[in-house]
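Let me begin by handing over the structure; questions about it come next.
Letters A, B, C, D, E and F name the chains as they come in the text, with residue numbers starting at 1 for each one.
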Amino acid sequence: MPLVNFKLTPEGLTADKKRTLIAKVTDLLATELGKNPDTTIVIIDEVETDNWGIAGQSVTDRRKK
Amino acid sequence: MPLVNFKLTPEGLTADKKRTLIAKVTDLLATELGKNPDTTIVIIDEVETDNWGIAGQSVTDRRKK
Amino acid sequence: MPLVNFKLTPEGLTADKKRTLIAKVTDLLATELGKNPDTTIVIIDEVETDNWGIAGQSVTDRRKK
Amino acid sequence: MPLVNFKLTPEGLTADKKRTLIAKVTDLLATELGKNPDTTIVIIDEVETDNWGIAGQSVTDRRKK
Amino acid sequence: MPLVNFKLTPEGLTADKKRTLIAKVTDLLATELGKNPDTTIVIIDEVETDNWGIAGQSVTDRRKK
Amino acid sequence: MPLVNFKLTPEGLTADKKRTLIAKVTDLLATELGKNPDTTIVIIDEVETDNWGIAGQSVTDRRKK
């Protein structure tokens, strides 16, 4: 029954990378915590760099430096 | 004051369906828990099938089978 | 595959009320959107009234008035 | 280490407004709670008015009145 | 209609500090974005230091160093 | 800058298991997506079995069968 939510910036996040992430985090929960993969849910939210702040600045602005 | 968040895949999720969902879940909280509809908030997040995993696979891949 | 998250204050939220809420919201998604109940997930978060604000005040303070 | 998540409707939410929001909420957590700005994360989710309900109605419908 | 969710570690997070945080972030959204305070919702989640990771380590472990 | 949120039932979720989960998911994001571990945040929410529903039933009730 575990639920995993990733929030990631969209650059380079291809369908294939998402596929790998879903498979591997499901496997991690099965291996480390004995969680049933059949009821493991993964949701990936893509967050634009304007909408993500760290240290008081947007990621867009941080990357300009 | 309740808050309800739905995460749903976008196919078939028309403005009309969203309207129904908002009305009915607000009503459900009023009827079953006595919650005041005026302060009941509903947020619907639409999650693409590539970004949703179950049983270690994306929903996109599961539907191909 | 839908996911529903409720945030509710804990008063009066018995195991029985939770059971009803889970059953009825799952049924609502099946009836209105044709969602498969077997993969419908519901998570209820209980939020203390000190930790919930509306109109600039905590719910604890609003209820004192 | 604090994490702040805003859910806002997108109208008028320019890159500049987001920048201000990120800077000011980070500053608020530093000033009021002594939180280190370097590890303060802010995420802004934009929610369309069809997907946001209050008092049993979508915000789209409320604004028509 | 904005919604703000803070995730914070619980140490030093008194009812009074929460009250201040709720009031000030509601005010920030009114001042900077013109949001109506009456429908601004704030939810504070307290996350234990064992349950919070940064740079691959729990906050509990980081603080031991 | 990635953010990972796990929702898990609390049984068997020791400090040591949490430590492993934080380390391994941070490593997974570095290896598969090239994400910087220093700004990878992990938050684990523990959800009681009464508060988690699947297929219209609470996990508490499902486990009784």
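Convention: a contact is a pair of C-beta atoms (placed from the backbone, for glycine too) under 8 Å apart; a residue touches a chain by one contact, two chains touch by 3 or more.
Note that this is a predicted model, so its numbers are computed, not measured.
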{"item": "Topological distance between chain B and chain F, in contact steps", "value": "2"}
{"item": "Each chain counted as touching chain A and chain E at once", "value": "B, C, D, F"}
{"item": "Chain of greatest Cα-centre distance to chain A", "value": "C"}
{"item": "Rotation, 0 to 180 degrees and nearest 5, that superposes chain C on copy chain D via CA atoms", "value": "180"}
{"item": "Rounded Å distance between chain A and chain C, as computed from the means of their C-alpha atoms", "value": "25"}
{"item": "Distance from chain F to chain A - Cα centre to Cα centre, in angstrom", "value": "12"}
{"item": "Where chain C touches two or more other chains at once, by residue number", "value": "1, 3, 7, 39, 41, 43, 45, 52, 54"}
{"item": "Arrangement of touching chains [line / ring / star / complete / other]", "value": "other"}
{"item": "Pairs of chains satisfying the touch condition", "value": "A-B, A-C, A-D, A-F, B-C, B-D, B-E, C-E, C-F, D-E, D-F, E-F"}
{"item": "Touching residues on chain A, where the partner in the complex is chain D", "value": "7, 45, 47, 50-58, 60-61"}
{"item": "Footprint of chain E on chain D - complex, ascending", "value": "1-9, 12-13, 17, 20-21, 24-25, 28-29, 32-35, 39, 52, 54, 59"}
{"item": "Touch list for chain A against partner chain C, complex", "value": "1, 3, 41, 43"}
{"item": "Residue ranges of chain E in contact with chain C within the complex", "value": "15, 18-19, 22-23, 26-27, 37-46"}
